[in-house]
Amino acid sequence: MPDLPLATVRDLKAVEIGTGRPFASILLLRKVGTKTASNGNAFLSLELGDRTGTFNTNLFGDHPQFEATKALPEGSAVRVEGKLDYFNGRLSPKLAKLTPLTEAELALPGAVENLVELAPENAESMWTEFNATIDAIPHDELRMTTRGVFEEIGETFRVCPAAIAMHHAYRHGLLEHTLRMARAAKALLPLYPEVDPSLVLAGILLHDTGKTIEYEGALATRRSRKGILQGHVVLGYQLVRKHGLKARLDADRLERLEHIVLSHQGEPEWGAAVYAATPEAVFVSMVDNLDAKMGMVQRTLRQATDTDEFSERLPGLSSQLLVRKIGE
Amino acid sequence: MPDLPLATVRDLKAVEIGTGRPFASILLLRKVGTKTASNGNAFLSLELGDRTGTFNTNLFGDHPQFEATKALPEGSAVRVEGKLDYFNGRLSPKLAKLTPLTEAELALPGAVENLVELAPENAESMWTEFNATIDAIPHDELRMTTRGVFEEIGETFRVCPAAIAMHHAYRHGLLEHTLRMARAAKALLPLYPEVDPSLVLAGILLHDTGKTIEYEGALATRRSRKGILQGHVVLGYQLVRKHGLKARLDADRLERLEHIVLSHQGEPEWGAAVYAATPEAVFVSMVDNLDAKMGMVQRTLRQATDTDEFSERLPGLSSQLLVRKIGE
Amino acid sequence: MPDLPLATVRDLKAVEIGTGRPFASILLLRKVGTKTASNGNAFLSLELGDRTGTFNTNLFGDHPQFEATKALPEGSAVRVEGKLDYFNGRLSPKLAKLTPLTEAELALPGAVENLVELAPENAESMWTEFNATIDAIPHDELRMTTRGVFEEIGETFRVCPAAIAMHHAYRHGLLEHTLRMARAAKALLPLYPEVDPSLVLAGILLHDTGKTIEYEGALATRRSRKGILQGHVVLGYQLVRKHGLKARLDADRLERLEHIVLSHQGEPEWGAAVYAATPEAVFVSMVDNLDAKMGMVQRTLRQATDTDEFSERLPGLSSQLLVRKIGE
Amino acid sequence: MPDLPLATVRDLKAVEIGTGRPFASILLLRKVGTKTASNGNAFLSLELGDRTGTFNTNLFGDHPQFEATKALPEGSAVRVEGKLDYFNGRLSPKLAKLTPLTEAELALPGAVENLVELAPENAESMWTEFNATIDAIPHDELRMTTRGVFEEIGETFRVCPAAIAMHHAYRHGLLEHTLRMARAAKALLPLYPEVDPSLVLAGILLHDTGKTIEYEGALATRRSRKGILQGHVVLGYQLVRKHGLKARLDADRLERLEHIVLSHQGEPEWGAAVYAATPEAVFVSMVDNLDAKMGMVQRTLRQATDTDEFSERLPGLSSQLLVRKIGE
Amino acid sequence: MPDLPLATVRDLKAVEIGTGRPFASILLLRKVGTKTASNGNAFLSLELGDRTGTFNTNLFGDHPQFEATKALPEGSAVRVEGKLDYFNGRLSPKLAKLTPLTEAELALPGAVENLVELAPENAESMWTEFNATIDAIPHDELRMTTRGVFEEIGETFRVCPAAIAMHHAYRHGLLEHTLRMARAAKALLPLYPEVDPSLVLAGILLHDTGKTIEYEGALATRRSRKGILQGHVVLGYQLVRKHGLKARLDADRLERLEHIVLSHQGEPEWGAAVYAATPEAVFVSMVDNLDAKMGMVQRTLRQATDTDEFSERLPGLSSQLLVRKIGE
Amino acid sequence: MPDLPLATVRDLKAVEIGTGRPFASILLLRKVGTKTASNGNAFLSLELGDRTGTFNTNLFGDHPQFEATKALPEGSAVRVEGKLDYFNGRLSPKLAKLTPLTEAELALPGAVENLVELAPENAESMWTEFNATIDAIPHDELRMTTRGVFEEIGETFRVCPAAIAMHHAYRHGLLEHTLRMARAAKALLPLYPEVDPSLVLAGILLHDTGKTIEYEGALATRRSRKGILQGHVVLGYQLVRKHGLKARLDADRLERLEHIVLSHQGEPEWGAAVYAATPEAVFVSMVDNLDAKMGMVQRTLRQATDTDEFSERLPGLSSQLLVRKIGE
């Protein structure tokens, strides 16, 4: 069985008469629950999946890895071996072996890519450019404030998605979206001299940092307790305030920077605490909106095949998108 | 002229052929602006008013009190003497004398009552009961957190209105509305044992404290810079967080207390940062809603005359209110 | 087979390799339809279920109980025996025997509880307290009006749910919600002296009585023809009007009582005929809203398990609810 | 002064230097209130107007007609004589004489027309056609039900406007709108054979009869107490139910007829108690909508002058209307 | 196998133990896609269906009709023979033979009726009446404009549905809805003399002609590229403009006719380019609304069985519909 | 009198006791209507104004310039001389002389600036840059299409405001807004390689060209008949289509270019005919939104005085704007 090529969930579901056929896969343990069968025996109900799909299966109390699997945290990556089986007409393989991946194995090229969607740009070079953008903020205390926040949350920020659904909803998506907003702002700043460049750049880099607390789970993202009870707008405001005070940022700029975080969602019904009421806050919320919408366009174009003319309807655009290239 | 009875703005406007008639009034200096007449001379444009109305008039550069008046802060209470006059058909008296009221004069019975609307209950006894309510919070750190906030903002809180327009929009209105919510909660707590009394009481007493920063101007209320840029929800959250940390409130309760403040407005489009997601937060937002609506009812009934059957349409109720007593 | 323990639908669905396994259950006959198979023979398509789930199966024309089952009204409770089977991957047991439960059997402790969700408080003691609340209405004709309505609809009211989905959507839910509103009102009345206690109490007890006509089916609730064509607001108004006239309630109070019924839903888009326009109507609609929301909280807490941190998203609260106890 | 031609309010306001100029007018006493001047004397504050405008003036305690005027009900038609005067730049004539019009004078041709807007069709002939439409309802009990309602409310119905603002908002407007709907229905019935003609005709004739109770004031219309507390939908339902029971209309048709009244407003937020759920109710609400919109078009075209190209923006159409004829 | 009676998809799904049972059906090839199995072989994934339902199945590379089937356009009608089979619990028959229907076969009575829903009126006689309606437009250039449009799009218009979902969503539905609107308009025109008959009739006949371009696929309807990128309102406007200019229609009428097309959807959020702002445009949009709603009623009544009391909830009416006849 | 300095309307209104005081002004004749006084004589009712305000006055039949003034088109610029006077408390000067300005006088520096607000950038240099932007569109037929449209409408486009109210609502505002969008697009294009530069640039330059037809009146802007009946989205689409066909633009690009115009308003309720469904259309609508919002910010900052902290509430931002510079 060690020689089996790794199969994705899509592969497993596509096979037509698969009962009993052996397979091996690298999968994410999305959910694990302990239940009691009608005969009184405990069993584990598992949800396993990767980028291409998800299935449910059970692991009974007499399985040699019952206790080890029960102890795995949700969101673990595991190597799974077993045989295809079906229950009530749905894929529900019998599992022979579950081995959690080591950090080293997860770091191997391609390992994470099959489990979760990744940002298309290289994460390392984005992170380098991101840090250079911080270093280039002209105003000293605004730069120090920004630096301070990312010293606290940098590692989480690097891998965090920009959303659970909707735009840039994949690993490194928050880094990608934030960096693209900074690039757009740098391109636009000469045209809007009434906005302060330091405030705009710090505001963009920091506006969504509350999402590093709102979301949790490195591979399988969900809203955390703090995320549900406070929301990323207030959490980001709190982060910015803490590091602004630490960097002795003057009260006027601190208030304007906090305001960018509090208002960047645009409308209260989309989560903004207040409407944008400074030139920089209006500017940042518009650039956010532009890159969020264009991020949906880019992801849809990446996923389109050569024969597609339109995508499925995209809720964020309220429309299908024409994905065929001009002149084709 | 010192013997003149004090006239309200409604009195001044009711008099039919008043040109030249002397008068004296205690008024609020709502706005003061420096303008330049077409002859190049500077003059002050003043807006003066009391509970019953408002008028505009000018004070020219050669008036003996020109400089003193120019220096008065907006929102000052002044004793005014002059003669009735009209410009473009509107009341615009010629002012002979403007004397700012001393603190002692403002404290005299009836002085403030004529300038601004007051809560109907006695402010002193409400304040005493309010402090007793704090002292009765069972949980030590929640009580200390609440006490800490009111040591910082107590004086402002006592006089603050609960709103600029809408419900409890008058001096001491915030104290009155908060106290009435606490009374309602105390009456209801035995019926809803799943909510924690300490958390509910602290949450109610603190939920609107951000309004002491959102609003400014003791007699003439307007939104402050902080109020526009952050909103009372975030400002109150910040106050609560600071004093919760100081009182070493445990992280679980602090998060739940902050959540009550962040969610009490009910819906994001009404200003809530997040939807209520704990039993106590749902309870507080419902009690807030109940007393806010009943506060509109009570104020409307107070203002009704014996011959009224219905009030004007109340925007907060989307209806006129039947103000005639049962059986009359 | 008589010795088989009774299995719930959740039990039947959990069993993994169940084909042919015998079972017995007490179930609700939710739907029964006559169809014709492609061979021209008639068969019954049955939907059966209990509190824990639902399944579909067929009963063919040659089954000894074909005619008896065809004649059963939808919503009947039946004892079912048979063997597990599956069709197209879904549970579809072969039924050997269907026996309708007698009234006596349904009245046995536990019988109804497994079929439908019940209010958590004891129905008998709630009903006693409810009647005492009627008797305690101070105003004679208001009390007689209220008494009159419940003499007409009392039995139906006792078991009616407060909603089909949403809050208090279970057997006795309407009695429970109405009683809890009355308790809340009694606790709050001393704080709001401008509302008339008799009118508020009668208004609360009567506000939702139209639902006894809007809904039908003792065990499986659906909207009746009258419910679809008129709605519970108008139906309740009609009930109240009839008994108010009978009790010779004075025209002023009758109009105010009818208005409470017509306006209690709050907003026309939620079903109110008019906006609340009397002090008592505003008060009742606010107490209704408070207890409806708290009812969702209470039911969610009851259904939570010890390991749950948050509930699923509750549509009525637009949020998940934190169900973990403070300090756990 | 008896020889003075009658002037409209528009005439009185157009005159440029009119102080002291004598005039005579037939006006509506819209509001009358007793006030106390700052000298302690009582005076009456009057609002007087006609189709063309409105003004305010005072009548002092020493005026010979002070007591008689104070006793006039609001909405009375009066003959007024006096001299033009202005207060605070607004027309505020000195009144010499106020004489209430007798019923006979009001009935004179042209008298009412100058005070309030009238339906363009002749009221008498509309009323004749309306009664013939009742008599032509084929189904006996539906015809008797309809006849019964109009025996009770006929006189009020004849003069009632169809709305306070919006469509057909003028004397006889309700009669006109209802009759036009009946004509439209008669024209359309052959095309929609699935709707029952008797039910449709009775439903149309009766759908808005609650407005005869919702509105009050023959010449100056406002919502009555019953109108505010119950709304015309419920009031009309009550009327129809009473006369349907009296005419022994069968339960099925009565329920369908009541449903037409309860649902004709279309959407709950526009006042419908329920959504239309029978073929006849859908049909009646659509015909209502069509004639209401066309009524706004017709009134706007009547009021347009030859040189107008577009009307003002009409709120009911969310647009200006092109009033120029084709080819002009 | 040629003797097999034709089975509908509903028949195929109803059969309980069907594996291996032969069948023959006339079906619509809704979707066809080429996929690669995990063994590297290509196969076709097919979606087939008729009026009564839909199923998916695969056709492998070694099937004799693999290439012929791959080349069939989506929306083709095919005669299918094969044996029942199931995959993952869902119907997934093994296909032995697929034969595209010839035009002649499709034209046979009953062929299309089983594949797609049809308008209830006879298409030929509707088309004759439709053309007579064009010929009866009094104004020459308006008649020529209308005639011109239907010379271009007539064949497509005849079979086009009036919608993909919602009202008149079936073959010939657009013809039926347009013709019924014309009949209703002719019946109503004498009652609304302020609208121009020629403009109204031309406007009605032309208002939805853009749908012949917005939708594509004779048997399986979907929005075309032009439909997604421009919408039927603009496409219809373009058609009308082209033929209006060709017919030398005067500029005033052309603008009013174009305006009817641009505004007939009523509200911008329903797709209108502008609000109706001429008498004729208001009239046409109201008649459109009336017949669209009545079309939903008629279709629901047609589909109801004798024992139904209410239909399912109809999204277009926001309600269930009472389908039981009066007095039954 | 020729020596009088020119006074603005704000100057005229500020003067306190001005009756009889001579003045001279350059004003816009906003409205002129012929009325009949109660003495039967005709007079002109004039509305005159400039950037700073507006007043009404009358010109009687015996005035030497009565006929000449009656013949002036609305929107004419006139030199006015007269004496201050008041009617009903409002400025209503007696006019001695009205002289229409010649084209040459209007072209003098400062003439138009006092009458209407101007874009802050120099119109000539904006126009030069605009034409260079057209010339730099890489794709030949897209450039020719764009060139063709501006050859037809260039002069009107140059002076047209971008809106009647809201953003860039001043002379040359449409040129300014369009040019700024093009600059922003050029800065952003390298960051969004999936959008086609030629299509984006042509789309931006053309997206609002329908406004040159939707608005009319060089100095006093209002919606034209075509604007009300068709809207600028459809009018611009028509312009683009005409010149695209003329320039033999390929069908694919023409459809995409038309789609940009049809979708640029973002949401149907804001006037879009369809939702943006191509990468370029999403991009253009986002850049449009960004520059529209920033245009409101820029105009508000220009109008702020040194002592202002916040602007008035801006409807387009749903907020007041902080206009104080950072650190002041």
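We just call them A, B, C, D, E and F in the order they show up, numbering each chain from 1.
In this text, a contact is a pair of C-beta atoms (placed from the backbone, for glycine too) under 8 Å apart; a residue touches a chain by one contact, two chains touch by 3 or more.
What you are looking at is a predicted structure, and each value in this text was computed from that prediction instead of being measured.
**Q** Go through the assembly and pull out the chains touching chain B as well as chain F.
**A** Common contact partners of chain B and chain F, which must touch each of the two, are A, D.
**Q** Need the graph distance between chain A and chain E over the touch network, please.
**A** 1
**Q** Any idea whether A-F or E-F has more C-beta pairs in contact?
**A** A-F
**Q** Compare the two sides of the chain D and chain F interface and say whether they are made mostly of the same residue numbers, over half shared, or of different ones.
**A** Interface between chain D and chain F is built from largely different residues.
**Q** Quick one: chain A and chain B, Cα centre-to-centre, how many Å?
**A** Taking the mean C-alpha position of each chain, the two centres sit 45 Å apart.
**Q** So how far apart, in whole Å, are chain B and chain D when each is placed at the average of its C-alpha atoms?
**A** 42
**Q** For chain C and chain F, what's the span in angstrom between their mean Cα positions?
**A** 62
**Q** Listing for chain A: what residues touch at least two other chains?
**A** Residue numbers touching two or more other chains: 86, 88-90, 225, 228-229, 256, 274, 277-278, 310, 319-320, 322.
**Q** Who touches whom among the chains?
**A** Once each pair is checked, the touching ones are A-B, A-C, A-E, A-F, B-C, B-D, B-F, C-D, C-E, D-E, D-F, E-F.
**Q** State the interface residues of chain F toward chain D in the complex, per the touch definition above.
**A** Going through chain F, the ones touching chain D are 35, 37-38, 58, 87-90, 225, 228-229.
**Q** Which bits of chain F are touching chain E when the two form their complex?
**A** Touch residues, chain F against chain E: 225-226, 228-231, 233-234, 237-238, 241, 255-256, 258-259, 262, 268-271, 273-274, 277-278.
**Q** Where on chain B is chain C touching in the complex?
**A** 180, 183-184, 187-188, 190-192, 194, 196, 199, 250, 252-253, 256, 267, 274-279, 282-283, 286-287, 289-290, 293-294, 297-298, 301, 310, 317-322, 326-327
**Q** Given the complex with chain A, which residues does chain C contribute to the contact?
**A** Going by the criterion above, the answer is residues 7, 11, 14-16, 86, 88-91, 309-310, 319-320, 322.
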